[in-house]
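Each structure below appears as structure tokens.
One chain, chain A, links the two complexes that follow: it is found with chain B in the first and with chain C in the second.
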Partner chain A sequence: MKSVSIIGAGPAGIEAAYVLAKQGVAVSLFEKSSSPLKNIADKAFLFPNFAAATDIVEQMNRKLLNANIAQHLDTDIVGIVREGEQGWKLSDSHGNSYYSDAVLLATGYTPFDAHRKEELGYGIYGGVITSLEMEKMIRYNQIVNSLGEKPKRVVFLQCVGSRDEKTGNHYCSKVCCVTAVKQAIEMKKQLPDTEAYIFYMDLRMWGQHFEELYRQSQQEYGVRYVRGRISEASGTFDGRVQIKAEDTLMGLPLKMTTDLLVLMVGMEASEGTRCLAKAAGICGEYGFAQSSDPHLGDCLTSQKGLYVCGTCKRPMSINDVVNDARAAAFAILEG
Partner chain B sequence: MEKRFWNEYQKEIADDHYFYERSCIRQTFFPGSEAAFLRILRDELGKDICDNPHQHTCTGIGYHSDVVPFETTMTVVARLFSLMTECGYENYVPSCVTSFGVFSEMIEKWENDPKLLEQARQYLWEATKREFKIPKNIAHPSDIIYKFRFDLKPKMKYQLVNRFTGKPLRVVEHIGCHYAKIFPDRGVGKAEFPYVLAGMIEAWGGEVIDYPERRHCCGFGFRQYLVQENRGYSIANTKKKFQSMEPYEPDFILTNCPGCSMFLDKWQYTIAEMEHKTYDKEGYGIPVLTYEELTGLLLGYDPWKLGLQLHQVQSERLFNKIGIAYNPDEKYKGISGRLLPRPDRPECLRQD
Partner chain C sequence: MNSDSFHLFVIPFVAGVFFLLVFSVWKYWRWIKKFDKLQRAKIRKNIWTWRFLPAIWEAFREGLLHWRITKKNLLLGYMHRSLAFGWFLLIVVGAVQAKLAFPDGHPLWIAIFFNYFEPSYSIDFPKAEFFANLMDVLLIYVLSGLFLAMFKKVWSRPLGMKRTTRHTLMDRVAKLALWCIFPFRLLSEAATSSLYGNGGFMTRGLGNVLSSMGVADPAFEMSCWTLYSIALGTFFCLMPFSRYMHIFTEVFLIYFRQLGVKDSDKKTGYTMFELSACSRCGICIDGCPMNRELGIVNMQGVYMLQSVRNLELQKNAEPIAENCLMCDRCVADCPVNLDLSIIRRQVRIKNKKDIDKGGYGYLRNIQPFNSIGRVAYFGGCMSHLTPGISRSMETIFNAVGQKYWYMDKNETICCGRPLLQQGFENQAFELRRKNTEMIVNSKATMLITSCPICYQSFKKEYKLSIPVMHHTEYINMLIESGKLKLRKDDRRVTYHDPCELGRGCGIYDQPRNVLRATTTLLKTKEEREHSLCCGFNLGNPTLDLEQQTAIRNAARDNLMAPKPDTIATACPMCKKAFQHADNIPVKDIAEIVAENIIK
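And now, the complex of A and B:
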């Protein structure tokens, strides 16, 4: 393989680009934003070991500098087509064309737009925020309610836009459970007197150390867990948020007020993923890209010379994304 | 409330040529509302609306209380549609929110199960030798007032503004559960934040109160009320709503459902009797208006011809805030011009 175009400069695209470039492949990396790693730029710490996101970003950026990678920032790839037997042609929104022997789709995800769950009041009540906004608050040590005051109680709600018939997303977004646990711990580290509640359907602690983190959150930080989904959120007279839920372990309806309601938004296929997967004929469920085989060909596709990695296929954690990117790079090298 | 985006969803509402179906209970509890709606459509908007004398119940209350079987309700709905078909109309306008829900449900079932539709046609034919067409459009009358709210505004004598302070009146709007909670796409603004009444309030100068129990049931709930032993649930629901709205000090409540209007109005007396508690500061209660009554009032219709004297909570203080002219001496004057006996004043609820 002489040349590879990689679309998307997130952790997946950068890791694959680095591996391929180090093996002597001519790599072109396309990113529609003006800077790489947009989705993790505002993260504070990463589960399960609370690694600083800034360190990960820094290491990733170093990889970009230390390998011979042609970066094309502010370049929105909108077209992908196979040219003859051997190569692929990409085109951007300005009409420019780019040719390569292979293409790796690493177009990633987009966070679920919480406005779509209007019963939860996002965009209506200042006290309702998303997990992305909470992450920023944690990072900059500014966890405040809608009035700019220190919150007395923070409620996290799992599965917003995931495993949800109403929004049409039946799949699990995989990372939200442990992210809520991690954010609740971070919040308690900064504000020990603030109550933390996590409302969940079931907690999917699938990764190494996740279960321990879950236990630690209860034993060391006093995070409280309620099994039940929140049916509605409303603003109160004093600027707080009233929530209604059913505690399914107690078998009782529940109503409480909170200063902040954090919606743990899931992952959806990004616009780039939807558009390019469709154009290339590898569109899978829910707009994600479809690999050719989930066991032995998860980075391959039905199109020769077209590869996929990371969250353009399905929700994944960052460590899984990085491993998947390396797998994709070796699949490309194998041809 | 920071952003309002739910009003972006608009349902299809026919422009003209409506077939009106009256409610079983509204003419008893709000005797001027339906007449006001017909007057507004015909005289103010110049619309064609058929008020057929052969109409009857939709069975909604019995249906939702499990005393009327589905097949009966389906056939009754089919007969009502046959009246519309015979009169040459295609746009059905049921006065009651429960009826609106029943018709929407039947059409949904027929669309998903053509055998059921055939069964309905068969039952109707066997019982009455009638045939029917499914309406092209079903809209609740509040949808129609909402649709023409800006056409009505220039004709209005009054706005929803407190004439003493110059500030917008603060209004609680309550939407009947069967308006959009069963089929969200049948309601303006969908189920979570229906905009049908809020749109009227905002267009006519008022301010909508967004309080925590805004979406909670009024307390009617069919079996909650119809079975006497369950009435504690009914009044507990209503009380929960009033407790929630109390800090916002609403000037009045606007509703689009017969049950909601009745219960939010009349349970105020019961709560006051039971607990010596009213949810306004001065012990008068919070007036509850139907959207037809509100529209009529702002258009300058006589409040007594709209039937406002028949509400439990009296509205004179609201008239004074808006500046609505009324003659207190004619409050209990009947159609014949003779004064009717004045009802007893409740001790627990103040009246001027």
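And now, the complex of A and C:
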């Protein structure tokens, strides 16, 4: 393999680019925004070990510098077609074309737009925020309610836009459960007097140390868990949020007023993923890209010379993404 | 022989007419007896007024000219008109002809079998030649309709119908008899003409053909007339048991409707008239979203009425009556203007009789807010799930300085309509009573609601003495009176007519006026009374999400076709339906207005 184009400079794209460049492949890395690693740039700490996101970003940036990678920032790839027997042609929004022997799709995800669940009041009541905004608040040590005051109570709601028939997303976004546990702990570390509630359908503590984190959150930090979905949120006159839910373990309806309602938004296929997967004919469920086999060919696709890695396939955590990117790089080297 | 005024062959016809007459009178009389109090009161009140005049006009326009069908499809209208109006003219002109030929009076059948009994087959009354030719022209007119009807059976698309009704055996036999009548008439007249040379241009022409074929024979003539009479008699005898009874019933229905009679939630004699007035044309099938998107073709208006008519209720009315969005599309399409949704609701109410025991007795009375000089605002349950709408309404009230009472802000009692639409009459009644109590005690001057379902309920099912407005009407009123000043943004929008607001309450123009005042409104292919249901209507409890989504997507595609920036609607339910689909920017009209208020 002489040349590879990688679309998307997130953890997946960068890791794969690094591995391939080190093996002597000519790598072009395309990113539509002006800097790489946009999605994790605002993250505070990463589960399960509370590694600072800034450290990860720094290490990844170093990888970019230490390998011979042609970076194309501000380049929005909108077209992908097979060119000749072996190669691929990419085209960007300005009409430029790029040719390579293989293409790796690392176009990633986009967070679910919480406006679509209007009953939860996002964009209507100041006290309703998404998990991304909470992450920022934690990172800059500025957890405040809509009036800019220290909150007395914070409620996290799981599965917003995931496992939700009505929005059409039947799948689990995989990372939100543990993210809420992590964010609740971090919030408690910063504001020990603030109450934390997590409303969940069931908690999926699938990864190493996740279960321990969940236990720790209850025993050491006093995070409270309520099984049940929140049906609607409404504003109160003092700028707080009133939620209506059902506690399905108690079998009782429940009303609660909170300063902050944090919506744990799931992952959806990004615009780039949708558009390129469709153009390349590898469109899977929910707009994600489809790999050719979940066991033995998870980085391959039905198109020869076209590879996929990371969250353009399905929701994944960062550590899984990095491993997947390396697997994709080796699949490309094997040809 | 022919100059006698009677022959045995007329017996089937006379018997048929007699049977039809006696049976219809008996049937109609029974139905009229079954009208409920309110309906009788309406008739008593209006019977001695001039309302029969518009009724006659409508009966002429719809029963004979088939105006509404013509508006749907010219050819289909022509087909129905030529059969109905053509036959009607044949009877009328035939009667005049007979009157002229027998100025001293004649038995009934003379007019029908005129060419057979025509005195001496000569021109011995004024304009006989003219009448003979005119009758031929009319017969050609009817036969052309008959030809189209036969053509439609093979290929209905050119007549604007994708699907046609599956008819019962009785209907098919009656149709066969009907189809036989006119060709037999032509043949009989030609046979007589082949012997005596009477009749108009076509009859004589065909008579000559028969002569040249050597079948000019009194026995042949007799058998033709007998067949014609039998066809007529058979048709008349089958009429009361087939769909063709609609020919007479529609006239009565139009009259009752003009007198102000309305259907109620129980099956009454008026319902029987409606059931019988359905011509089973099947126009309700093509527009129905259940057919269009899901391919379900057993529950449309025509089949639902059939099941009620045939008393199949006990057997299979449930899936038929329940499996409907109640979007009223069929009501808008129905050429007879039948209130199909009300009849369907009657069946649902009957189905739920055993489980509709009330059960809202526990509801405590919410303390009404003393609202003298205020308007009451009822967001509705669904607006609680779309807080953007109620919030925008509050912004609008504040902008025009209107004091308001948001009556269901914290504690919500449903308006009752979703229950009623499911057939839970008693439960809905309890909710209505609570809400009415609250509204009356509050002394509010007006009721404004954001949800078209509540709107229709407050407007039609409640007996409130204060005006009820949907927020689109209210905003439109504010704009027209100059109280609300709006800026126009550069958004291009398409408007989705909510079923309950548009077809349900006839509110089509007010939302459009409001949108034109703030945005650029684009036209869509299917709008106003032909708008598509969003699929998430509360009318159908049996659809699964996938089916609802399929119906929603069809409505979405219609709205997205002109490539708008935003889809505007005026119903929280529709808004949620479109919101759930990805990548659709959807806004309620109230939100668009609130964003564009000039302070």
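By definition in this document, the second predicted complex is superposed on the first by the 335 of 335 C-alpha atoms of A that agree within 3 Å, B and C clash if a C-alpha of one lies under 4 Å from a C-alpha of the other, contacts with A are read in each partner's own complex, and residues count from 1 in each chain.
By definition in this document, a residue touches a chain if its C-beta (ideal position, glycine included) is under 8 Å from a C-beta of that chain, and two chains touch if they have at least 3 such contacts.
Remember, it's a predicted structure, so these values are computed and weren't measured experimentally.
Colleague: Clash or fit: what happens to chain B and chain C when chain A is overlaid?
Modeller: Chain B and chain C clash in the superposed model.
Colleague: Using the touch criterion from the header, give the chain among chain B and chain C with more contacted residues in chain A.
Modeller: C
Colleague: If you stack the two complexes on chain A, which partner ends up touching A:303: first (chain B), second (chain C), both, or neither?
Modeller: The answer is neither, since A:303 touches no partner chain.
Colleague: Is A:319 touching anything from chain B or chain C once the two structures are fitted on A? First, second, both or neither.
Modeller: It touches nothing on chain B or chain C.
Colleague: Regarding the shared-chain residue A:194, is it in contact with chain B (first), chain C (second), both, or neither?
Modeller: In the superposition, A:194 contacts neither chain B nor chain C.
Colleague: Thinking of the overlay built on chain A, is A:126 touched by chain B (first), by chain C (second), by both, or by neither?
Modeller: first
Colleague: Could you look at A:118 and tell me whether it touches chain B, chain C, both or neither (first, second, both, neither)?
Modeller: Touch status of A:118: both partners.
Colleague: A:237 in the overlay: touching chain B, chain C, both, or neither? Say first, second, both or neither.
Modeller: first
Colleague: After superposition on the shared chain, which partner residues are touched by A:61: those of chain B (first), chain C (second), both, or neither?
Modeller: A:61: touches no partner chain.
Colleague: Check the residue A:216 against both partner chains and state whether it touches chain B (first), chain C (second), both, or neither.
Modeller: After superposition on chain A, A:216 lies in contact with neither partner.
Colleague: So which bits of chain A does chain B touch that chain C touches too?
Modeller: The answer is residues 118-119, 123-125, 232, 234-235 of chain A.
Colleague: Considering only the defined contacts, which chain B positions touch chain A in the complex?
Modeller: Chain B residues touching chain A: 1-6, 190, 192-193, 210-215, 247-248.
Colleague: Spell out the residues on chain A that touch chain C in their complex, using ranges where they run on.
Modeller: Touching chain C from chain A are residues 116, 118-119, 121, 123-125, 165-168, 231-235, 268.
Colleague: Inside the complex, what are the residues of chain A that reach chain B?
Modeller: Per the touch definition, chain A meets chain B at residues 115, 118-119, 123-126, 232, 234-237, 242.
Colleague: Using the touch definition from the top, list the residues of chain C that touch chain A in their complex.
Modeller: 384-388, 391, 545, 549, 575-576, 579-582
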